[in-house]
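Here come two complexes built around chain A, the first alongside chain B, the second alongside chain C.
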Partner chain A sequence: MGQTTAPRGRAEPLPVERGRSYQWRLARSGVLMTLPALLVVASFTVYPFWYALNESVHLSSPILGRRFVGLDNFRNVITSPYFLDAARTTLIFGAIAVPVLVVLGVLVALLLNERFPGNTLLRAGMLLPWAIPASVVGIIWKWVFLDSWGALNAGLYSLGLIDRYISWLTTPWLARFAVIVAFTWSQLPLAAILLLAALQAIPDELYEAAAIDGASAVARFWAVTLPGIRPMLVIVTLYEILMALNIFDITYAMTGGGPGTATSLLTYYIWAETFKMLSFGNGAALAVVIALLALAFIAAIIRALPKEALLGERA
Partner chain B sequence: MRRRSSAQRALIAAGAALLALFWFGPFMLVGIGSVIPEGNLLSFPPRWFAHPPFLGNYRYIFTGEIPQTYLERGALRSMISQEVRLVPRAMLNSVLIAMAVMFLSLTLGSLAAYAYARLRFPGRVATFNFILISRLIPTVALAIPYYAIVLRLGLLNTHWALIAIYTVLTLPFTVLVLTLYFRTIPGEIDEAAQVEGASPLQVLRHITLPLSLPSLVGTGLFTFMLAYSEFLFGLLISTSARTRTLPVTLGTLSTNPDVAWGLMMASIVVGSVPTLVLVIPVWRFMVRGLMSGAVQ
Partner chain C sequence: MGTRHRTSILSARLSRRDLVRRGALVAAGAGLMPLLAACAREEAAAPGAPTTPQAGPSPAAGRTAAPGAQAVTLDFVVWSYSVETIQDNIKRFQEKYPGITVNLSDFSWTVYHETMVNRFQSKTPTDVAYNGEDWLPEFAAAGWVVPLENYFDWVKGYEAKTFPFAWQSMIYQGKVYGLPYYADTITFLYNEKILQDAGINSPPETWEEVTEQAKALQQRGMEFPFIAEIAQDLPNTTSAFASMVFGRGGDLFDEEGNLLLRDANSPAAQQFRWIVEARNKDKILTYVPHETDVVKAMNTGKHAFTVLFNYNLAELNNKARSPLAGQFKLALMPGETHECYGFAKFYNMTQMAVDRGPDVIDACGKFIQYFGGEVDGQYHVAKRWAVEKGLGFGQKPLMDDPDVQQTFSQWIDVDLWKQQLEKAKALRQFVWYGIWSEFFRREYVRAIAGETSVEDALESVTRKWDELKKQYGG
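Here is the complex of A and B:
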């Protein structure tokens, strides 16, 4: 830009109009500035994914060496009763935990949207479960539900509500319940705050108009609130599905996948198959399966987002 | 203001009480559990409060001095887990890793975010989407390849491997948030500087970054918290007890059937301090970001 000799004034062309070489230099800066981040992300995404794909069609063993087996690994894992069991557990887990989270998220958001003493304290209290590492969430709830001297058993017993300790973590359905409680506890804050943000964006006039029309509180909820938060509801639901597919730390610390395989969710199963059983081919095939599943959800999330939500030009 | 019936008020009060119990209850139980001697904790019927509050668990974590109450009963002696003494060390590991990640993520992230927010160049939208979508792949799907790569590079059991992985995992978030924030800064300031002959890099350094300080702090701390909390890769990559991060140290402690729960509770309280200190500024930043409609 050094060659500009004309005196500066209103006639000075804006940089955007200054010609092709300037445009080209800006574009070059753009590419150079995004390159480091892009290279880092790409090398840790594309290569590993390719690696997993490649590994998933090979069988490596210390004795026979490495050979191509096509889709055998996929057939192995998909037909394995353990995989089907983990998939079923994940499905049950998601089918219960996600609706519970979304409904509770709406209820908590509605509650925090009201004025009452202690509201700020409750909002601040949401920080705690949200900020704690998920493995610690697992330990905290393990302590609550522990069979032999857990806080819940001790408390219920001391209150005289039970006369014998309940085996929360060693009874399959109770253990699943306990894991869902822990998961809900750690996920609810973000779900609720996102929905609260959406609630607060609904214009008051809509409520006033509905009230003038004589709509009851329940009718107002269905006619005004729900349509207003629907985009966020979709986002929260899909996000929580992804989180439910990803859950690992909580079950690792809380139940170790047990009792038996009652709380072995897909991620835990993949981890155990790969790093406990050391069958990398099967693990990689599972990883590819779960990545494809997640990509399907991602596609759904992107379709649910309003167009031009992120990089689109604003009017 | 709408007036509420007494039934509505009762409903709100009940909901608030339940929610408070749900949010705070488990933490209070952990706090209580950490100051009860092991003998009382394991007693049946429970005699939790038969002993005055007891700080021996905390003392043991930092000094290695075995609490008197553990010596009283021979059977409990074995329940003292040496691993608990690694908690301060693990916290240091986690803090160092998280600080490096925060620095790297902010540096790479702000460079890219400026370009996405201000410059037009080929592949802008495609690469932006790619960076964001990369983060939605379940981490367990990446675990095997990452493990193999780290193994091949000879970086197993080092902090470098974790720093690199966490930088990749946090970068999409940093890029997204900073891009959205940079776009809220009026472009005229940049243009004025460009007229003066400043390059995009100089504009970023001297104008955009100083103007974005609140967002940088919030994003950086959020990145710190993510790196501090991560579990799966920490578990895979740090196999020796000394290089382990805090979540991994605590997570493996909890699967150890011999662990003393009083010590476990005290470790959780100690290990949660950094997150609890950071959480208020991070939350402020997040809530403000959400309320201003960045996500809408």
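Here is the complex of A and C:
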């Protein structure tokens, strides 16, 4: 270890000691700088989680009072047929909506990544659905799909494509389809923009090299584009899974959870248990169950993915 | 183009991987927080025990001026209906009572109950609020709203001037809690022209006739002659069902608090079956989740019958907005007795207002009397709702008001309406009714959608009723 040049009149600390001191100062300033943000995040995440956890083990009703009931609330909600129905509906919804959304997101991002007149205008305009509040999205799409006076039936009928109006929102599977369409429409802009950003980070040289090697457009997509956007695809997929689990406003405004309970998702069940049935404990237990399930689900996805999917590097 | 290159800020593979993984988990956690936060709420000061007028001051108390001071600010909460009219009424009230300022908050009708539960639980300042007959027992038992007659002598004087069904709607455990914002009935409405074109000379008088006429209309090409407002989240759904049951001469529960749906031959069970079969067997019924959807659908001419809050008839026959205005009529509720559901929505004073002291109580009294009662010999606000919006009223003197008569005659057969009003009755009230009603609607819509059988649905709602009755000490 060579001795470094010391400033005049002061002894230079040993390199190892200087390194430790530097690391410690770096760590300390890092903690101090992130502390305000951490405190804000903690107050909006840790406290509600703790509060919900605490509520979930109490019978908590404005009329009946409050007392500790252990895990009774969890047993109540998990054994309820409504929970199973809502869970199944939510899973079906997520299993269809998320892949559709991701695939469409990729296609739209690829389109927007091309140069053509009006591209900039299209990019700005396509963000509009994302900027509309979810409840308004629900109302807009209700007006599109309503059986008697919806725009879709009127359009299809006037074009001669149907000879009688279709009961979109009163036929269970069609209502589910309608909700998926509305959800996809509202979420597609963000997914597409995020994927577009990832697309634009792929070096042109890779495409040029692939072209020189004679790769077709499809081959370039699989060999260059997809690996390049993989980390963002993971993020978008996880985000959309969470959105699918959290969706409430759109179904509430569009179908009210119906017909029957065909579009009643888990979030609706939490809402109904908590604020309609005045069972705050049951609602909290349900929220905890769903939160833990979602976290476990996402952690499992992340663990199951090969590391190159997260890092965007080819094996 | 030069910016399109991969950046490699993080060089270590492990740390990059960790970063992405942890970032995703943090994002996941943050995304789930709304779920959890939805269930977080402020704890009640004395859970389960209704607070008394002598209870300590609430957090809202800080807004009150010192005793003896003139200025009082009231927080008034309503569901969103013609908010501009409410604001104008407030303006007029403030001109009459310059020392009182009123802050208005409005929330969607479909989430009003949940919003108020949240609001009361978290002690969000609320002095006067709209309330409904179906939520009164719940809100009163929780100690959130107070009986007006405990604070104002003039309240009892309104009993003789109020329709019995409306008065009954505002009573809980023998005490009156409000004065009417409006009072109305849930009635049977039909398109007269459609019936006449089909050679049907009079509207149906029984539910069997509804089916017969609907089938006749189907043969002429109308797919769903009957359209209803049905949604599991909408309180109106239970009320409309009750109104149809009343038409058959039945009820949902007896005076002892026994659910009558348990008897398969009861009018309530019969009507439940009728609705389900109208949808799934006879296929004469379709439904939409809101009354405004029904009004629009009726105006397409694709439906002939509906059961709705009566004020919708004013909208249906509004020549400025409804293409088929003039074709829609009221009929007595089908069934053996033609009774129907009558109700009042009313102004409630809250326990929070009481906690703020006598100045605020006095201001609330003035406010409620101005909005729901008689001031200077006039029912200013109730009359305005009736004339401008076609809302029904609980105040009997308005029935003889020439302006009201003239306005109503433009959209309804007033004599027939009076007949229906005489047959209107309020629902019996139980603390757990509001909660049960939520459960009932879930089973109701499931049966209508074919997700469960009528028998299973009736058994389920009966079991829930018994469970709640036991839980709430009925």
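Operating definition for what follows: the second predicted complex is superposed on the first by the 239 of 315 C-alpha atoms of A that agree within 3 Å, B and C clash if a C-alpha of one lies under 4 Å from a C-alpha of the other, contacts with A are read in each partner's own complex, and residues count from 1 in each chain.
The definition used in the following text is that a contact is a pair of C-beta atoms (placed from the backbone, for glycine too) under 8 Å apart; a residue touches a chain by one contact, two chains touch by 3 or more.
As the structure is a computational prediction, the values presented were derived from the model and not from experiment.
Within the superposed three-chain model, A:95 lies out of touch with both chain B and chain C [touch as defined at top]. In the superposed model, A:259 lies in contact with chain C only, and not with chain B.
With both structures placed on the common chain, the touch criterion links A:149 to chain B and to chain C.
Shared-chain residue A:204: touches chain C; no touch with chain B.
Look at A:249: by the touch rule set out above, it reaches chain B but stays clear of chain C.
If you count the residues of chain A touched by chain B and by chain C, you find the higher number for B. Of the two partner chains, chain B and chain C are each touched by A:51.
Once the two complexes are laid over each other on the shared chain, residue contacts for A:103 go to neither chain B nor chain C. Of the two partner chains, chain C is the only one that A:234 touches; chain B does not reach it.
In the superposition on chain A, A:82 makes contact with chain C only, while chain B stays out of contact range.
In the superposition on chain A, the residues of chain A contacted by chain B and by chain C overlap at 41, 44-45, 47-49, 51-52, 55, 142, 146, 148-149, 165, 200-201, 242, 245-246, 252, 256, 267, 270-271, 274-275, 280, 283-284, 287-288, 290-291, 294-295, 298, 302, 310-311.
The part of chain C that touches chain A in the complex is made up of residues 1, 4-7, 13, 16-17, 20-21, 23-25, 27-41, 43-44, 47-49, 110, 113-114, 117-118, 120-121, 138, 141-142, 144, 223, 227, 230-234, 286-289, 293, 296-297, 299-300, 302-303, 431, 435, 438-439, 442, 445-446, 448-451, 471-472.
The touching residues of chain B, counted against chain A in their complex, run 1, 12-13, 15-16, 19-20, 22-24, 26-27, 29-30, 33, 41-46, 48, 108-109, 111-112, 114-116, 119-125, 127-134, 136-149, 164-165, 167-168, 171-172, 175-176, 179-180, 191, 194-195, 197, 199-201, 204, 225, 228-232, 235-236, 246-248, 250-251, 253-255, 261, 264-265, 268, 271-272, 275-276, 278-280, 282-283, 286-287, 290-291, 293, 295-296. Against chain B, in their complex, chain A makes its touches with residues 1-2, 8, 12, 14-16, 26-31, 33-34, 36-38, 40-42, 44-45, 47-49, 51-52, 55, 107-108, 111, 114-116, 118-119, 121-122, 124-136, 138-144, 146, 148-149, 151, 154, 157-158, 165, 185, 193-194, 197-198, 200-201, 242, 245-246, 248-249, 252-254, 256, 266-267, 270-271, 274-275, 280, 283-284, 287-288, 290-291, 294-295, 297-298, 301-302, 310-311. Contacts from chain A toward chain C in the complex involve residues 41, 44-45, 47-49, 51-52, 55, 60-66, 82, 142, 146-149, 164-165, 167, 169-170, 172, 200-204, 228, 231, 234-235, 238-239, 242-243, 245-246, 252, 255-262, 264, 267, 270-272, 274-278, 280, 283-284, 286-288, 290-291, 294-295, 298-299, 302, 307, 310-311, 313.
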